[in-house]
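The following blocks contain the structures, represented as structure tokens.
Both complexes shown next keep chain A, but they swap its partner, so chain B is in the first and chain C is in the second.
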Partner chain A sequence: MTFTFDPSLKLYIYLADAAFLGFVFLALAGGVVAVGAKRLIHAVLGLATSLVGVAGLYVYLGTHFIAAMQILIYVGAVCISIVFAVMLARPPSEAERAPRAGPGKLAAGFGVGLFAALVLGSAVFATRWRAEPTAVAGTLQEVGEGLLTRYAFVFELISLVLLVAIVGSVVLARRGRRPAGG
Partner chain B sequence: MQPAIFGHLEAYLLVALCLFALGLYGLVSRPGFISMLISVELILNAAGLNFVAFNTFLAPDKTVGQTFTLFIMGLAAAEAAICLSIAVVVYRRFRTILADEISELKD
Partner chain C sequence: MTDVFPPDLIRLIVSFVIVVAFAFTNAAVLVLVERKICGHIQRRPGPFEVGPHGLLQTAVDGVKLMAKQMLVPRNADAGLFRAAPILSFVPPIAALIVVPFARMLQVRDLDIGVLFILSLAAVNVLAILVAGWSSANKYSLFGAIRAVAQNVAYEIPLLLSLLTIVIWVGSFRMSDIVAAQGGFWFAFTPMGFVAFLVYFICGIAETNRAPFDLPEAESELTAGFHTEYAGMGFGLFFLGEYTNMLLVSAIATTLFLGGWNGPAFLTTAGTGFWATVIQTLWFLAKVYGLIVVMIWVRWTYPRVRFDQLLNFCWKILIPISMANLAVTAVWLKL
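And now, the complex of A and B:
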């Protein structure tokens, strides 16, 4: 599927392209901050920025519901809980400083990342992507029907996993705490 | 009439590729638990972006990729909750969250 437009709408395409590149910049710059920041709080902020950028790309892909869920679940829940963990797990004296990495680890990380980027990047450009004719348009209604019919088992399984994760994290987090006044 | 930048599948794939490589770099090079968790979230996001991009451009049934991305988000939330509570417990017990220094399961 390629989006083509009436040439008289050229200005709108340029504007849309500029906004698209803005979201790409948000996603990538946030990612760089997330893996490179000195302080953990800054890394979490970078992660949130990157997630918002990816949510913008979801809008460009025509999946508005996924974009909303991305902001709600990732930015609203996961990032906030990471901030809570950063505040709970470290004393204020350490000032949320992320631990420093040795040069060997940095080199290893750089090598692994570059290797993956080269292999996958060559795969992206070497493959002739071929679109199949659309059978199901993928509206929100169809996604919802799929979740309750075809993917009902997976849906229930995910709810079970979430329940176990909630109970497990409550049990884990209570365990190390000394009883009050003891 | 030429398609805009956001009409190319490769644009989305390259963004996801960069996010994946960044996450992999962070996962290998950062020593702390929480930094590693942040990198894992980046990797999962790259996977989700790829799913939705392929879904929009190539797939005949355009609900599959959206459903799968929703499942990825649910699993990522569960994984983050578990990882963070483990990090809190490990910090209380060992007074550090450097992955290299915690080499014993029991103290």
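And now, the complex of A and C:
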């Protein structure tokens, strides 16, 4: 990808680049807000913004289905349940500031972040990427076939995990309740 | 010129402008239609003073809303408070780009058409939540909490009823679904009819309209999640609600009522100009027919209680739509 202006290229190529940079910015800015926000609800909305940015990157890669699922599940379900929990806990007028991290914790966090960035960065730059990614991967048919054939076991395993989570939440929710009339 | 602006880009920009203009016009017209129908149901003429039979009432109201100051309560979270109305009206307008108004009149025919709309609809709940929370008002907060409980619950039977059609056609693509209804419409088959009823009830609940308007129940919560909004902030919420009504009816038309197909012999599958006009007219006639039914329901039935609302969803609609889906799946394999 090149960001130098080349008049022989058509405008929409730059538009695609701009869209890509925009989504990257959304993902990163949302992440920064999610980590640094003083109010919990801002952090959750930052997370939602970041997830929308990632969904945009999926669109950029031509996998519309995964992008739609990203928004439907992560923004539409996960973020909303988090916001719901936060909202029941505390309205904005009583929001208090989270304690700031001390210099030791800050340095430790910075170090861990730098280490992760180095590992990921070296992995990214060491990999020889194919110049022309195949455009068909990630279409609806392929995802469906993959889930029901090659990845059927993983698919079933994940649904089992979700079932356990549902049963667990029902058990937790019932603990606080008295039986009717008892 | 075509080197710098490729035709597809121009087409995209023009169609976005048209879609936005359509959404605004639709809201302006529906506000008047709703007030007129409501008036006549209650044996009064409705707005009558501005213009002949009050036809210009919406224009005057629009000017009033735009001229009003947008107040932000002192304790409110100002940034989120301003962002919420925008978050509420952008997704339904964006979802309109996959709606097939006619065979040749569709902005983008995505292979995930139905999913695209549903994923955008999920953002709407977030907008209501943000609005209710950032207002720093207990009525707003209660309205938002109700909205989430209601929308999350009603999304399940809604998805299941749409899934019935999707497995029938075998595609999420809007044009495939319309093409599958060239001979018969899904609403006139037993399974399709059940799915249509479930979908329509859930659609009314998802747009937060009476008898499911608990998030903004006037008599209990003043105005629910938009209590603190004035001027265009309030206007944008209404724009979002009316665009959502349009969207719910457009999906119902596309998936259950044959899309742009006309009844029996009065139909055309052509791609010419007049064929497109006829198809668009059929589509809009069905969409606005459904919207009028939604308005009719709103002004006829009293609001349900919250436990009734949730019990109705979890104990009646979800089992029915599950059973319907199972029956359809078995029938398709026979």
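Structure notes:
Everything that follows uses one rule, which is that the second predicted complex is superposed on the first by the 140 of 182 C-alpha atoms of A that agree within 3 Å, B and C clash if a C-alpha of one lies under 4 Å from a C-alpha of the other, contacts with A are read in each partner's own complex, and residues count from 1 in each chain.
By our rule, a contact is a pair of C-beta atoms (placed from the backbone, for glycine too) under 8 Å apart; a residue touches a chain by one contact, two chains touch by 3 or more.
Just so it is clear, the model here is predicted, and its values are computed rather than measured.
By the touch criterion defined above, A:Ala48 reaches chain C but does not reach chain B. More residues of chain A lie in touch with B than with the remaining chain of the pair chain B and chain C.
In the superposition on chain A, contact is made by A:Phe20 with chain B only, not with chain C. Shared-chain residue A:Phe65: touches chain B and chain C both.
Of the two partner chains placed around the shared chain by superposition, chain B and chain C are both touched by A:Ala77.
By the document's definition of touching, neither partner reaches A:Arg128: not chain B, not chain C.
Residue overlap on chain A between its contacts with chain B in one complex and with chain C in the other: 65, 69, 77, 84, 88.
Put simply, chain C touches chain A in their complex at residues 3-6, 8-9, 75-77, 80, 110-112, 115-116, 118-123, 125-126, 129-130, 132-134, 136, 138, 141, 144-145, 148, 152, 172. Interface of chain A with chain B (complex): residues 1-7, 13, 16-17, 20-21, 24, 27-28, 31-32, 34-36, 40, 43-44, 47, 50-51, 54, 57-58, 60-63, 65-66, 69-70, 73-74, 77-78, 81-82, 84-86, 88-90, 98-101, 105-106, 108-110, 112-114, 116-117, 120-121, 124-125, 129-138, 142-143, 146-147, 151, 154, 158, 161-162, 164-166, 168-170, 172-173, 175-177. Residues 1-15, 17-32, 34-35, 37-39, 41-42, 45, 48-49, 52-53, 55-63, 66-67, 69-71, 73-82, 84-89, 91-93, 97-98 of chain B are the ones touching chain A in the complex. Residue ranges of chain A in contact with chain C, taken from their complex: 10-12, 15, 39, 41-42, 45, 48, 64-65, 68-69, 71-72, 75-77, 79-80, 83-84, 87-88, 91-93, 139-140.
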